[in-house]
Amino acid sequence: MPLDTPKRKFKVVGTRPPRPDGLDKVTGRALYGADMTAPGMLTGRILRSPHAHARIKSIDTSAAEALAGVRAVITAADLPVLEDDFIRDIQDNCMARGKALYDGHAVAAVAATDAATARKALKLIKVDYEILPHVTDVDAAMKPGAPVVQKGRTLENVPAGMSENVTSHCEFGHGDLPSGFAKADKIIERSFRTAATHQGYIEPHACLASFTSDGKADLWCCTQGQFFVRTLCAQMMGMEASQLRVTSSEIGGGFGGKTTVFIEPVALALSRKSGRPVKIVMTRDEVFKATGPTVSSSMDIRIGMTRNGRITAGEAHLRYSGGAFPNATIEMGGQAAFAAYDLGAVRTFGWNILTNRPKEAAYRAPGAPMAIYAVESVVDELCQELGLDPLKVRLLNAARKGTKSSYGPTFDDIGLVATLEAATRHPHYTAPLGPNQGRGLSCGFWFNFGGNTCVSLNVNTDGTVGVTEGNPDIGGSRASISLMAAEELGIPYEKVRTFVADTASLGYNDVTDGSRVTFAVGLATIKAARAAIRNMCARAAKIWGIDEEAVEWIDGAACPAGPNAGKFPPMTLAEIAAVSAETGGPIAGHHEVNADGAGVSFGVHLVDVEVDPETGATKVLRYTVFQDAGKAVHPDYVEGQMQGGAVQGIGWALNEEYIYGDDGRLQNAGFLDYRVPVASDLPPIETVILEIPNPGHPYGVRGVGETPIVPPLAAIANAVSRAVGVRMTELPMSPPRLLKALLSKG
Amino acid sequence: MKSIHVTTTVNGEPAEFICTPDETLLDVLRNRLGLTGSKEGCGTGDCGACSVTVNGRLVCSCLVLGAEAEGAEITTIEGMASGEALHPLQRHFIESAALQCGICTPGILVAAKALLEQNPDPSDSEIRYWLAGNLCRCTGYDKIINAVKSAAAEMRSN
Amino acid sequence: MVKVLLWGTLRHATDGQAEVEVEARNFKELLDRLAVMYPGLEPQIRRGVSMALDGRIYREAWFTEIGPDSEVVLMPYMVGG
Amino acid sequence: MRYIAAKTADEAAGLLVDEPGLARILAGGTDLLVQLKSGLVEPDLVVDIKNIPGIRDVTPENGGFRIGAAVSAAELGEHKGVLALWPGVVEGVELIGSTQVQGRATMVGNLCNGSPAGDAVPGLVAANATVRITGPGGSRDCPVLDIPAGPGKTTLAKGEIITSVFLPARPENASDAYLRFIPRTEMDIGVASAGVSLELAADGAISAARVALGAVAPKVLLVADAATAIVGSKLEDGALAALAKACEAACNPIDDKRGTIEFRTRTAGVLARRAALIAYQRAGGSK
């Protein structure tokens, strides 16, 4: 087969072998962020603002510095003032400069010989605060006269006269809304709100920094992207990237929340100042208070539909707040809101608003779940009002190949119709429901990304293969990358081992985000394998004394291509590798690319719930996920993404939220009151994988990680609304909120 | 703070350590004994990542003082396999893809082992309630429940 | 000439036009020309734009070739989780 | 901070009395260690009472049971005798925290933590349980109802420790039940709760009742009007409605991150009604 032909028949891709890191993870040997130590290591701890908004008039660290065992104290004064807004915001979030912008914002840090001394030292730091008025609610922050979180951050696209907290505006869509709505038999307009939720990874952020006196540094940390950490930290330390090596540990969950830095620059600064390695491990309380939750939102949706179910127009006004710093999440929400539909008239208007809350970090399909929740709720209500089957209506309006998407481009091969048809055929959709029960469904969408990727593939002389790639494995990617290398090389999976490189060992790799790794690293791995294959074919050609072009690679061996090439028995990878020294030296392949063509992903979720009419408690009875994976490389881990994403969405829909007091302080900074779903809350999560190949990948792979968190919000809201007969328009649908709606219904 | 000398048994072997009175058993395991398989996800008993058994009883080691280990028998994830041979739960977790990031896995395995020791044939619901104190954010729990069930079935048939 | 579809926010810089025509053979030329023709687009181009070419999204890739009949859509630069 | 494992109750009481700084008792530690972690308390002395002889025993006494202060929730749940006699008390204790927390947490710790939402307490109050206290002044018994003094506070004097709980005997055709509401199925603090203990006459009518509510006032409430509402009834709809109404009337909750005043009040009535039905059925009543 020519090396650039798309492959659709597989030998090992699509099987379910054990993951290479499995043994270490079931025996406790795997090393995560907090498991690293270094001789002479100090413990770093961070002092955080107890105020939602306060000017820092002065910080007196002298008493802390004088405490025995304290080796370094730093504040923002120890970090450079950076020009670039993007990086300066990240640095200011790591260490407040001038103003504390939210409850939990770091203001100083110490490094001491042990944790108890470090804790004691924090108490000795005197911060003189001037408390300022605060605002934590997105709608309140948008009002004229609201306390201004940061001045001068408004972009040119925001009309004059708005609150300074409004930092950006965006608008997407096409067609003529008034004439679209004029064609509708029914128009529903509703407002929705969603609370900020946290990624909720079980591993708190942890890092170990070691700066030497000649200006070199090493940093070990749990991150979704060691190269990006290097970029950020090198600039914040005023050092060259080459002098900082960042090594990613095993990572205990990220979901987008570990795509940036929080404690890493602080540990580096403390290490530089103390001359000793410094380890910082966040407490859970710090994770909730000072690392990224997602945006909170307030949204107005208006959709028109004909009586036979065709959507004639859709309009959305989205207001997002990602805390005290500007962000562009609103743009993704604005583009994703109506992506599942083929619409003649569609428009979304987005606003980003500053509030005194922690800086948003990416969370699985950032910006999409809330916007699609609101749109899918109104579509469901229209179906109810018009007496239409909600799946048939989705199918009637579904985006497909050739549809001009709501965000502009025309879709290529996409799997939405296939997932909707699979849902229609599934017995779940027609199973009977009991009293107080309801069934909901929702479509979901995510763009998926590719990005900068490097892979180095080395053929060892014993016939095994090592793949070195630069993306931390957050969901089983080492297994899927090994599978793709084995597939391409035609050798068993067990002969391949995949390693995650430190920043000194490969070129730049984008972070593990955007559902990019199986797609982009897989693509680079396949290309690297093909380079190695070309090399191996050349070696065989030399040995046989024939032209390179006369050799082809079949099932893990070089073979003469056709009868005219000569009669030689196939020469396996192991045989070629064994004589590599004699035939020209080590054999390797590598590939570096900024990958494009990730291929968008669609899913449909179906859920049954039962609501206790006396308490407002919702029980999820049955849940089925349908999703297009392009090609499921390791189906177990594709299912795992679908199940895990669905359950995070269930938590978001029902119980998870950042709760602020009137004082602007976060009231539930712990797993006790920030309620992620526990095992007993859930039914089995059934999965149906569809495989509509992505034309942009040699094996047809699409990213699968983010789409599954998008549909659950609306699917559950639609199920609950149908169960109780009241349209629920605010998340989470916690029992007090739901009971209140039930009682107001009478 | 005056340190305390503690004599105990960890994974069947005698162990001694010195700790301060306010150090937790989890601190001691990780920082004094080098047993970093038990993880700190919250430090408040809400996530279960630090699960160990003390005298056969499943506990969160973050809610036990190191000093309380005096004379006790403690088992951790590091004591679960017998030499090279994995415990059936460990094997089934790998085979059933019951882990993604793996940070909750040690705690869940220790907890599941404690369950099967007292209930060799638990229902789905019994497994889900028993493991309610072990948060997992990656898997949605589905494959974990299946792995516990298949390990239990194998253990019953042996 | 290449027809470029802009997202709504950018129309303030193009006298309200949703679609503009640019002489460009690749993404880099397209961005450079746009910034010259419509200076109001420059701040957004500096912050980052992606391009969808015949339905495929490119986050960077200056030298991606654009054919005269290609569908070109500008999009904000995006990130994932 | 010093840590001392006391060998007798008197030694423990003595240590507590003599400590000039802040002292805390350590039994299961599932509240204390959380407070230590957060820096909420920084005690100078922690007295571990688990090594006191008999403090981890469950002993039959006068047809009831004396339960040592350091008996863990898991151990209590495994005690068939207590479970048969006071199933509502045991189910309350078994709702405290996770399986892991059950391995350590104790009824007495739950009581002494002083939270109005403690899951062990309404059941104990409904059961009319008493505690035995050792202190500088010797030993005394006290009803569970009189121990809480408000959120985080108890009526125990400095140096006093509870060494055991006594669950009394009960007649035939009597039982109890406990229900709480939480947003999830596990791992939460109760938003409202109800413990109901009933005795039935030969004809199946309720002859005596005690109804206790948790998380709806600064302390666990014993609601006499709620009991009155159902005594003499067989939990007919009218009696159940009166029970719920009496419970709602007794509530004096707060709005907080876990629930609203309105939600706690309504739910308390619902739970009392449902718990009464369970207790009634357990007591042999049929509907």
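A, B, C and D are the chain letters, set down in written order, and residue numbers restart from 1 in every chain.
The criterion applied here is as follows: a contact is a pair of C-beta atoms (placed from the backbone, for glycine too) under 8 Å apart; a residue touches a chain by one contact, two chains touch by 3 or more.
Because the structure is a prediction, the values reported are computed rather than measured.
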Between B-D and A-B, more C-beta pairs in contact link A-B
So how far apart, in whole Å, are chain A and chain B when each is placed at the average of its C-alpha atoms?
29
Inter-centroid spacing, chain D versus chain C (mean Cα positions, whole Å):
67
What is the distance in Å between the mean C-alpha positions of chain B and chain C?
55
Numbers and ranges of chain B residues touching at least 2 other chains
1, 20, 22, 43-44, 46, 129, 131-134
Among all residues of chain D, those touching at least two other chains are 37-38, 185-187
Could you check chain A for residues that touch two or more other chains and list them?
199, 255, 283, 671-672, 678, 680
Listed by label, touching pairs are A-B, A-C, A-D, B-D
Would you pull the chain B residues touching chain D in the complex into a rising list?
1-2, 4, 20-22, 24, 43-46, 48, 51, 54, 57-60, 62-65, 67-68, 70, 111, 114-115, 129-134
Under the touch definition given earlier, write down the residues of chain A that touch chain B in their complex.
16, 18-19, 21-32, 34-35, 116, 199-204, 250-255, 281, 283-284, 474-476, 636-637, 639-640, 643-648, 670-672, 676, 678-680, 682, 684-685
Per the touch rule above, chain D residues touching chain A in the complex are 37-39, 181, 183-189, 191, 256-260, 262-263, 266-267, 270
In the complex with chain C, residue positions of chain A that touch it
155-157, 169-174, 199, 255-257, 259, 328, 331-332, 335, 347, 349, 362-366, 407-412, 446-451, 513-516, 594, 596-598, 696, 706
In the complex of these two chains, what residues of chain A are touching chain D?
119, 283, 285, 614-617, 654-655, 659, 667-668, 671-673, 675, 677-678, 680-681, 734-736, 739-740, 743
